[in-house]
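Two complexes, one shared chain (chain A), two partners (chain B, chain C).
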Partner chain A sequence: MATKKFLYVNRKPPHGSIYALESLEVVLIGAAFEQDVTLAFIDDGVYQLLQKQDSSAIATKNFAPTFRALGDYDVNKIYVERESLEMRGLGKDDLMPLTWEDEDDDWAEKDSIHIVSSAELAEIIEQQDVLLNF
Partner chain B sequence: MKFSILINEGPYTHQASDSAYHFTEAALRAGHEIVRVFFYHDGVYNGTRLSVPPQDDRNVSERWSALGQEHSLELILCVAAAQRRGMLDEDEARRAGKDSNNIAPGFEISGLGQLVDAGIQADRLIVFGD
Partner chain C sequence: MTIELNGTSYETDEEGYLINLSDWNDQLATEMARVDGATLDDNHWEVINFLRNYYEEYQIAPAVRVLTKAVGKKLGKDKGTSKYLYELFPYGPAKQACKYAGLPKPTGCV
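Now for the complex of A and B:
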């Protein structure tokens, strides 16, 4: 099967609409296809990665813990737009730590999350074959 | 060129499905190939056969069915998205113990893998959403 570069662009907050949850479902299913997968979080999408989420008061499923499984699915390129974070008064410390183990580097634990500028993100988008916007 | 189409919004509230229909129709007319049309999120509602719009308005799901039949298009509704929104074919209705089904002719229910595969097979995956 051909390998393509897939980029999932997450633009919406985790709750308020189902886009974030159903985007993550595509990413997890897509992982079985052994494609080169990258995730980007921009605009309100950065809220999806916030630490210590608790959705019990709105009686909807808190799916944030599922992001921690991405490393096991070889999804370890996660880009968060710096401008979107700053505009919302957030920094990397506000995001949940997401890591993966690099088998080519003695299984060293590495950060999956990279904070990038909007210009850098534009370059990353430019390199992709398939863009999915959620 | 080979296109795949992803539709993320339902009929009537958003223009996404209309734009996708016009794009698909124009692409076929220009001699391009449509690998698959995949309906996700509220987009699965485009596949209902129970919609009754006013007579002077377009019928979104009938229009998709007709285009699908004319060009042997794969019109795929995501199974997970469809189930949680009450879009069931005969098999799914029986399996879930429901008394009815509501899928329009030409639409099929299948898995999200069909969306990823559509991205792999096509030269371009075009996303229509909000």
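Now for the complex of A and C:
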């Protein structure tokens, strides 16, 4: 099967609409079919990666722990736009740590999350074959 | 669909996956296997328990490629092969083992 570069752009908060969960499901499906998967989090989408989420008060499944499985699916290119974080008073420490294990480097645990500027993100978008917006 | 055990009926989807994850118990797993003509031994349980822990931690049932890799890491390299897992679960390790573990069908499974 031909491999394409897929970028999933996430702009919405985790709850209040189905977009975030649907995006994550499609990401997992794409990754299960061994496509080259990259994720971007922009605008309110950055809230999806917040640490210590608890959705029990709104009787909705908390799917935040599923992001931690992305490393197992070889999804390790996760870009978060710096401007979106700063505008919301957030930094990298507010996000849950997401890691992957590098098979070619004695299974060293490496960071999957990269904070990039809007300009850097534009370059990443430029390199993709398929763009999916959620 | 439903599955009957000790006078109680449990709701499942059209493929036999439990609707309510909390309905699960090991007798129900044994009964689901019996209906499929399978008997669960320690090696089956090892994988079923592994899947239940994975779901507890990540809130998803892993795709078969991910399951194979993770089993190899957790239960030993000799067990982290598709051959080993398909011998235990001939209908597909992720699909069949997830069913007995009371989990939804793995995401990305067609």
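Before moving on, here are some points about what is shown:
One rule holds for everything that comes next: the second predicted complex is superposed on the first by the 134 of 134 C-alpha atoms of A that agree within 3 Å, B and C clash if a C-alpha of one lies under 4 Å from a C-alpha of the other, contacts with A are read in each partner's own complex, and residues count from 1 in each chain.
Everything below uses one rule, namely that contacts are C-beta pairs under 8 Å (C-beta built on N, C-alpha and C of every residue); 3 or more make two chains touch, one makes a residue touch a chain.
It should be emphasised that the depicted structure is a prediction, and the values quoted were computed from it without experimental measurement.
Of the two partner chains placed by superposition, A:Met87 touches none, neither chain B nor chain C. In the superposed pair of complexes, A:Tyr73 makes contact with chain C only, with no contact to chain B. Contacts of A:Leu132 after superposition on the shared chain: chain B is touched, whereas chain C is not. When chain A is checked against chain B and against chain C, the one touching more of its residues turns out to be B. Of the two partner chains placed by the overlay, only chain C lies in contact with A:Phe63; chain B stays clear of it. With both structures placed on the common chain, the touch criterion links A:Ala32 to chain B and to chain C.
Using the contact criterion defined above for the overlaid structures, shared-chain residue A:Lys4 touches chain B, although it does not reach chain C.
By the document's definition of touching, of the two partners only chain B reaches A:Tyr19; chain C does not.
Residues 25, 29, 32-33 of chain A contact both chain B in one complex and chain C in the other. For chain A in complex with chain C, the residues that touch the partner chain are 25, 28-29, 31-34, 61-63, 65-66, 68-69, 72-73. Across the interface of their complex, chain A is touched by residues 6, 8, 40-41, 80-81, 111-113, 115-117, 119-120, 125, 127, 129 of chain B. On the side of chain C, the complex with chain A involves touching residues 57-60, 62-63, 65-66, 69-70, 107-109.
Chain contact summary for the complex, chain A toward chain B: residues 1-2, 4, 6, 18-19, 22, 25-26, 29-30, 32-33, 35, 129-134.
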